[in-house]
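Okay, so here's the structure we're looking at.
Just so it is clear, A, B, C and D label the chains in written order, and each chain counts residues from 1 on its own.
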Amino acid sequence: MATSSHTPQELMVAVASREIRDGDLVFVGMRLPILAYAVARNAHAPKARGLFEVGLMRDQPAEAFLGTMGDPPNVAGALWATRMSNVMALMAQGSVDLGFIGGAEVDRFGNLNTSYVGEPVHPTVKLPGSGGGADIAILSRRWVTLMSHERRRLVDRVSFVTSPGYGDGSPHWRKRNGLLGGGPVAIITTLCVLRFPELGGEAHLASVHPGHSVKEVRAETGWDLKIADEVIETPPPTDDELAAIRRFDPEGFWTRTA
Amino acid sequence: MLGKVMAMAEAIRRFVPDHSTVALGLALEPLIPFAAGHELIRQGRRDLELVGPISDALFDQLIGAGCVRRVTAAWVGNVSEGLGHCYRRACEERIPLPLEVRDHSNFSISLALWAAAWNVPSLPTRTLLGSDILRTNPALAAADGLVHVAAVRPDVAIVHVQRADELGRVHAWGPMGITEEAGLAADRVIVTCEELVDPSVTLSDPNRILFPETKVAAVVHEPGGAHPSPVQGFFKRDHAFYRDYAERSRLVDGYLAWLEQWVMGVPDRAAYLGRVDSEALRILRHRMSEPVDYGDE
Amino acid sequence: MLGKVMAMAEAIRRFVPDHSTVALGLALEPLIPFAAGHELIRQGRRDLELVGPISDALFDQLIGAGCVRRVTAAWVGNVSEGLGHCYRRACEERIPLPLEVRDHSNFSISLALWAAAWNVPSLPTRTLLGSDILRTNPALAAADGLVHVAAVRPDVAIVHVQRADELGRVHAWGPMGITEEAGLAADRVIVTCEELVDPSVTLSDPNRILFPETKVAAVVHEPGGAHPSPVQGFFKRDHAFYRDYAERSRLVDGYLAWLEQWVMGVPDRAAYLGRVDSEALRILRHRMSEPVDYGDE
Amino acid sequence: MATSSHTPQELMVAVASREIRDGDLVFVGMRLPILAYAVARNAHAPKARGLFEVGLMRDQPAEAFLGTMGDPPNVAGALWATRMSNVMALMAQGSVDLGFIGGAEVDRFGNLNTSYVGEPVHPTVKLPGSGGGADIAILSRRWVTLMSHERRRLVDRVSFVTSPGYGDGSPHWRKRNGLLGGGPVAIITTLCVLRFPELGGEAHLASVHPGHSVKEVRAETGWDLKIADEVIETPPPTDDELAAIRRFDPEGFWTRTA
């Protein structure tokens, strides 16, 4: 049963958690996905495992709030505390089922830019960079990105591809370029969920979050967005999902601030 | 005579000259040697090349202070807050100085250090295929469906650890990021530690010793030397401190005021800690590891 | 349901079929999984490829029993006694079967496994330049002043360790040789252990966990499973046993008599240990490691 | 002061120990060199460190007898217990000053064969292989080999080069072939010590062990052996050296058996 009072971030976390299948090895990353993993583990994916590039594997979510993946509660009780290169080895072998990547800018083919707005030599904005994003985008079996839905962030083509999605959108672009992983399956924004065709390519609108409209989504999207035949309303967070989110983010550090 | 213990100021003066390539922040969010970085700033070090994976606020602080000529890293910013404002100003407006950036991913910077550790020109990988990072970083070359990552050999790696002895045997625990390969790749290692312990402690568990002692040039006993980053078993992460830094460093004047308050205006780490409520950050719930038996006879 | 604990016979039957590529003896002289190797012989396994660094008597025993089609290793023999007589007979006289040998050095076999662990076709190195090993091993190619070592991906790695839990979290200590890269490179790992412990023991020290549990297919509680090789904290090396094997295996008949006495004629490790004075080998001088604190709150 | 009663192996250990300089990082290997390291460490090289390919670094020699480098007494009190690839990394960086290699067959240019006698496809003798020998021969700054002096072991040219010395003996052969380390400096046999020119090349007789003659050495050497201008008698083990050897090999496992 759904509740009406939730923040956009809480909805995004709930939606992201539903991307995690039971038994998945999840490359968790930072921020909202840490909560999404915790929610999924406590609901439909009790056999999922989390992998963290800092050098950790976990089954149970950390018992306390995490500001970063390297916070002490994420280490206590870990299944493995090791080197990043060992964690990356598992992903390079194709053992990571799902990865999460935070995006600053994404395009219609799911390419992410977290490096440069404008010319790399004289950028108008220098973004922090790849972190593990490019590794996840290239090597994980499937991945999902979360971002605030703004026209300046969802662009026709990113000027710099930090973490490749489906490249120029041409058939089998990833395979032709030697990328091992399957590519992006969803873009979860503050307004909606975009999804990709089975074989990759261009993103389309799959569901719109409660209180928002297709028209609004199109207006905030930097390209002529394809619309699924049946766009549904994104199922809001259930009470259980909200309870879990608020247990792991008690002060709303991630889910109740702008 | 064999002892490598010295004060932070001496370790930085002797082993990190201008123009050095310095690897630090190698465990990503935990164990960041902030105290050593602040001493680099106080001593006015210049033209450094910083090497790291996801690199939290310390890189931003060193860049803002004008210590850095080049960054070779996977990520530079403020992990819990987002953008690094000094990093942005340096790249976008050349304030305080122009900055050369060699972008990596977390995996590729690790491989660059393994290449140096094994003394080969480069190592191959399947990551970064299809990424424009290949276009902007001359140290990465694509060929035969692989990316060849050129070796990165730091002059010095600076690590903060939980405990070490006077001869440079180091015990660290928790996720290690790229710490091990950086220490093996570097010409030398500066260790800063929460506890300076007797060799009988470190040698009781040689599998936990992180580097060969032959790599370690200096051991600095600097409790709290990683604040505001977390230290497993000792300190929680000071999230509010990162937030305050993010807000105040948004503009140059704010950053300089922050720098004066927390770096230039304090002589050393002890004085710095006197201004932090470190007791509130101290970890009180202990979780001791089960010992193992190195019995031999 | 999640438990991976099973008897040796079941683990070998389920996870090491004929034609498998099997990495074992990965810590060189210590922690050699002799009990697992003897079960391979009892089950009449055929056409195995054995992968290892310096490989002590177990490789020789498996070759003599006709289990092995190919050896990919740096060294095969009897470390304290010298030559491996079954290895010699297989290479020189095709007794009991012809044997293909892919010679490596210790460094190059490690790199072959790291290549597989990182899923790249090969890794470069400066070792083996000028060695005729490059001429005889097709998996090694010289180019541009480097040697490119082709990846070796074992189907299964078999390791004997001091302790493990039922879900496959492993604690091992002492020198590790190429154990870690072999476990990461292999499709799956069979663990045999001195002690089967509660997960609260293994998870008390995640830095000591050797592999991700996702790699571990089976956990066999097999105390003494490494005899005659040493196990830090548990057993000394049984030098006399190696000497006896060297002398008796000099001729085929002597080897077969040895095999009947110690492998074919015993149903399992428990019966084998009943014939060894393992108490004389037990380590009595304990040297416990100093615990570390994983405290988090 | 020298004593008369010692075994050939005890003399070889004493001679090998004198190759270790104080402060050296020594790649120790197996058998007699383990004793040589212990002797040196207790005499003229108290600051030497030992590196073992199994994955160990030590300062003090093990307190008890070692049948192999991986025996428990060699691990207790180690300075570092790690992976072989980390130990090899130090050697690849040029940090290993001296390595020891056991030889089955050596030639006039210091090349070692520990792989095949006869054709590799149909060997008359299959030897155990390289182990770390090739790595030491190629990557350590200088190295020494020890072997029984027999005409079949000291040959004009080995048929198979497992661990390269100075190749075909031509000037700068190692440099031209990209070998990082400096090459062999001595061959210590049961009869004598052979040494090499500063820049490498062909071995020459430098000293003959007490009780043996140049004539005997030449008769047991498979090529026309060069003789140094002044061949000395190898200084026998001192009482201190013998005492140390016998402390670390109390039953004569390595030094009082054939």
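Keep in mind that, in the parts below, a contact is a pair of C-beta atoms (placed from the backbone, for glycine too) under 8 Å apart; a residue touches a chain by one contact, two chains touch by 3 or more.
This one's a predicted model, so the numbers in the text were calculated from it and none came from an experiment.
Trainee: Under the document's definition of touching, what chains do chain B and chain C have as common neighbours?
Mentor: A, D
Trainee: Using the touch rule from the top, work out which pair, C-D or A-C, shares more C-beta pairs.
Mentor: Comparing C-D with A-C, the pair joined by more C-beta contacts is C-D.
Trainee: Once you find the CA centre of chain C and the CA centre of chain D, what distance in Å lies between them?
Mentor: The answer is 28 Å.
Trainee: For chain B and chain D, what's the span in angstrom between their mean Cα positions?
Mentor: 41
Trainee: Taking the mean of the C-alpha atoms as each chain's centre, how many Å separate chain A from chain D?
Mentor: Chain A and chain D have C-alpha centres separated by 58 Å.
Trainee: Give me the residues of chain B that touch two or more other chains.
Mentor: 111, 118-120, 125-126, 146, 173-174, 176, 180, 207, 232-233, 236, 283, 287, 294-297
Trainee: Counting only residues that touch at least two other chains, what does the list for chain A look like?
Mentor: In chain A, 56, 71-72, 75-76, 78, 81-82, 85, 88, 92, 180 touch at least two other chains.
Trainee: Indicate which of the five shapes (line, ring, star, complete, other) describes how the chains touch one another.
Mentor: The chain contacts form none of line, ring, star or complete graph.
Trainee: Pairs of chains that touch, anyone?
Mentor: In this structure, the chains touch in these pairs: A-B, A-C, B-C, B-D, C-D.
Trainee: Please output the residues of chain B touching chain C within their complex, sorted ascending.
Mentor: Residues 111, 118-126, 146, 162, 171, 173-174, 176, 201, 204-205, 207-208, 232-234, 236, 283-297.
Trainee: Can you check the complex and tell me which residues of chain C touch chain A?
Mentor: Going by the criterion above, the answer is residues 117-120, 169, 180, 184, 203, 206-207, 209, 211-214, 294-297.
Trainee: Can you list the chain D residues touching chain C in their complex?
Mentor: Of all residues in chain D, those touching chain C are 30, 52-56, 67-72, 75-76, 78, 81-85, 88, 92, 115-116, 120, 122-135, 137-139, 160-164, 167, 174, 177-180, 253.
Trainee: Mind listing the chain B positions that touch chain A in their complex?
Mentor: 27-30, 53-54, 56, 73-77, 79-80, 82-84, 87-88, 91-92, 101, 103-108, 110-111, 114, 125-133, 135-136, 145-146, 173-181, 230, 232-233, 236-237, 239, 242, 283, 287
Trainee: In their complex, what parts of chain A are in touch with chain C?
Mentor: Within the complex, chain A contacts chain C at residues 25, 49, 56-57, 63-64, 71-73, 75-82, 85-86, 88-90, 92-95, 180.
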